[in-house]
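To start, I am sharing the structure in question, which I have written as structure tokens.
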Amino acid sequence: MELIFQVLVSGLLIGGVYALISIGLNLIFGVVRIINFAHGDVLMLAMYATFWLNKGFGMDPYLSALLVLPAMFFFGVLLQRVIVQPIQEASSNMQIFATVALSLILQNLALIFWKGDFRTIQTSYAMSTLEVMNIIISVPRLVAFLVALVSILSLFSFLKHTFVGKALRAIVEDNTVARLMGIKVERLYLLAFGLGAAFTALGGILLIPFSSVYPTVGVPFTLIAFIVVVLGGLGSMSGTFMAGLFIGVVETFGGTYVSPALKEALYFGIFILVLLVRPQGLFGKGKGTEEIGLK
Amino acid sequence: MSANRWQLLGFILLAAVVAAPVLVDSKFILHMVTLIFFYVAMTSAWNIPVFGGKMSLGHAAFFGIGGYTGAILYVKFGVSPWIGLVAGVAMSLLGGVIMTLPLLRLRGPFFTLASIAFAEVLRMIAIDWRSLTNGSVGLNIPFKPGWANLTFQSGLPFYFISLILAAAVVFVSYRLRHSALGFHLRASASNDEAAQALGVDTRRAHFIGLLWSSGLTGLIGVFYVFFIYVVEPNTMFSIPLFSLQPALNGIIGGIGTIWGPVIGAVIMTPLGEYLRFYLGTIQQGLNFVVYGVVLIVTVNFIPGGIVSLLARLKPSKGSNGPGSPSGAKEVR
Amino acid sequence: MALLQVKNLTKRFGGLTAVKQVSFDIQPGEIVGLIGPNGAGKTTLFNLISGILNPEDGEIILDGRPIKQLSPARRSLAGLGRTFQIVRPFTMTVLENVMVPLLARDPHMGKAREEGMQVLTLLRLDHLADAQPDSLTLAYRKRIEVARALATRPKLLMLDEVLAGLNPTEISENLPIIRQVHERGVTIFIIEHLMDALMAVSQRVLVMDQGVLIANGSPQEVTSNECVIKAYLGEETPTC
């Protein structure tokens, strides 16, 4: 009985990080309307940056966020400007291939420069745990969840209450009208990509204490992010959050009770199920489902 | 040069490639040309749903399913590879059904994404289902040469087999494109809503196109398995090798056309091998970086591929010739 | 029996009721026009009948057969043809465009090619059979749109603004085609902004305003109808 709660808690904790990473994607896809296959690779780069800061300067991973996050924000802006903007008018199939190519390039550059070895950071708190009501909670995972939660709430607030946030939401809802209203859409694309990249990078930083880095570490996260976004409903931040937690829980339960290696099969299965049964997503407002083609 | 001169040059080049192993006695060239034919077949098969604007990156799944079916039946149950061919096609058709039924409703990029996921999942299953597939260790086709076992001492039989396979797939692709199915796929890619308003069941058209594609890819997979003898999950279900590569070939050659995949495969296969051997040994991964850059440049500047470059040379008469690029521009 | 029966058709988009309890019949052999100010719900009505949108309420019966549950493709096969306001011919030759619906009914290429040429000849497009539509003028592209819809051998053909964007010469060339199609036994339901053209060609006219059907009669009856005049002048029509 206790095991179930243990697994549940672990699932929720990692789910928070999944939600964080997926929100980055939700933002990018919602605003810029591009399927970014290199999404997980942004995560990978952030993790490597954190690793090298730790290796070279002994910097604590959480602290290095101060440097890595702005850097990744700019990287996101750069990606949008250099890679995405030129193909924004191209057919979406061509856009896919451009981001697939980007993913290939990033992963292999990482391979070239940093080799394929699994890199890990040792921190004093990596192994520390708390015990609450007979449930053991890993501290770094708890920190990850809490930071994710706070970040998501901040983003939520930003989107709801600031002018820029509202402009972003306007673009998500209707790009053309937003443009006609005088919103500088191209600039906001840059912002959205930068923010999306930063949030994803944050997810990576939070993962570092209990996860190793290697060139292809980001690949499953691209898939997870998309599944979470579709599951939660495009355009719904709260949906993405809930869906992230859901996937985290399902993955952990699946890994414990079924087989650790069949995780991907499990969430692909869920993905298909959702598409068949409730295409607008579990919590979706139905916005953007036409984009995916789910009517 | 006028368009006709380019066409002539192209044919000469193609003939040279086909005849090379006959003219030059080299195992390397024989192997390379055979590989080129395999990729011509794979790229053409991948290209069929592209008539309708569906670019799957999950074809490694069908390739792997076909290959593993043939290999498992032969190695574990002693079933003849020739029967394995039929079984391989049947299994990859089944895979095609499983993949497309739920996923066809997805538009462009989401479909592509889901197709990658499908291939990835199958790869994981191949690794995990050890009792069936031997997991990561893989299966080895025992060396018992003879046509009955589809295993040979010399590389020549597979040269011919792959040549016939390539010609067959290109032919099927040609016939499909010029059939009612081809028309409906192209109409759907152009404007799905209008096509439906005219009475075209576009879902069904895409479904059938994908079935053809998956079945053919599975067939190629079975042959391939007996060509290389070693069957393991990370190769057979390799997305870079059997999903990305055909797609890359297709895009560079010219997607949605008949000759595009052929041109793309003929150019990119040796280039890819060269990149892998020379750049890959200097620095592992460098070849993929080059791939990535080539892909981005092509997507940005020549989305219609080489065929579209050649088409620009023709005076615009509007005739379709071997096929005008569909799927490059109108799919959204 | 009426060819098309629409009963209490209603469509809501969130808080907006775009089509409200619209009911009317179209008899076989008629040419019926549909007019109304911008935003009246005309194209939405077309979309409901052709199946692109699903109504919240109401019935649609084509030739005695309820079609509300049918997909757009099935409705086309049942005899409902329609053109779109924004013409987008397929990226293939003019003849191939017309062959698409023919092949959906009979996959024989040779037959489709023959019949396709017949349709093109009827619409005086045969000399453009091998042309690419995007190299042609809007007037021709609109005709291709009609040719394509005609190739579906419709019982009822719905034309959505086939004359919009054409200059007077082009209109005088394309308008007789509508009559020609009608003479071959096709019932026509036409949305058109150009009043003169529509009144000239329609036997009966439906008028919509803000989702509601406010008039249904001959062109003369409708143009002298107070409610209609008020609607076009932008006044509220509480008594209609």
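Labels for the chains are A, B and C, by order of writing; each one numbers its residues from 1.
Keep this in mind: a contact is a pair of C-beta atoms (placed from the backbone, for glycine too) under 8 Å apart; a residue touches a chain by one contact, two chains touch by 3 or more.
It should be emphasised that the depicted structure is a prediction, and the values quoted were computed from it without experimental measurement.
Novice: Tell me, which chains sit next to both chain B and chain C?
Specialist: Chains in contact with chain B as well as chain C: not a single one.
Novice: Measuring between Cα centroids, what's the chain most distant from chain B?
Specialist: C
Novice: Taking the mean of the CA coordinates per chain, how far is chain B from chain C in Å?
Specialist: 43
Novice: Nearest whole angstrom, what separates the Cα centre of chain A from the Cα centre of chain C?
Specialist: Once rounded, the distance between the two centres reads 47 Å.
Novice: With centres defined as the mean C-alpha position, give me the chain A-chain B separation in Å.
Specialist: 32
Novice: Considering chain B alone, which of its residues make contact with at least two other chains?
Specialist: 329-330
Novice: Using the touch definition from the top, which residues of chain A touch two or more other chains?
Specialist: As it turns out, chain A has no residue touching two or more other chains.
Novice: Hey, which residues of chain B end up touching chain C in the complex?
Specialist: 178-180, 183-184, 186-187, 190-191, 193-202, 316-320, 324, 326, 329-330
Novice: Show me the residue ranges of chain A that touch chain B in the complex, using the header's touch definition.
Specialist: It is residues 35, 37, 83, 86-87, 90-98, 100-105, 107-109, 111-112, 116, 215, 223, 226, 230, 259, 261-262, 264-265, 268, 271-272, 275-276, 279, 291-295 of chain A that touch chain B.
Novice: With touch defined as at the start, can you tell me which chain B residues reach chain A in the complex?
Specialist: Spelled out, the residues of chain B in touch with chain A are 53, 55, 57, 102-103, 105-114, 116-118, 120-121, 124-125, 127-128, 240, 244, 247, 251, 283-286, 288-289, 291-293, 295-296, 299-300, 303, 327-332.
Novice: Using the touch definition from the top, list the residues of chain C that touch chain B in their complex.
Specialist: Checking each residue of chain C against chain B gives 50, 52, 71-74, 76-77, 81-82, 84, 88, 90-93, 96, 99-101, 103-105, 107, 109, 112, 130-132, 135, 148-149, 151-152.
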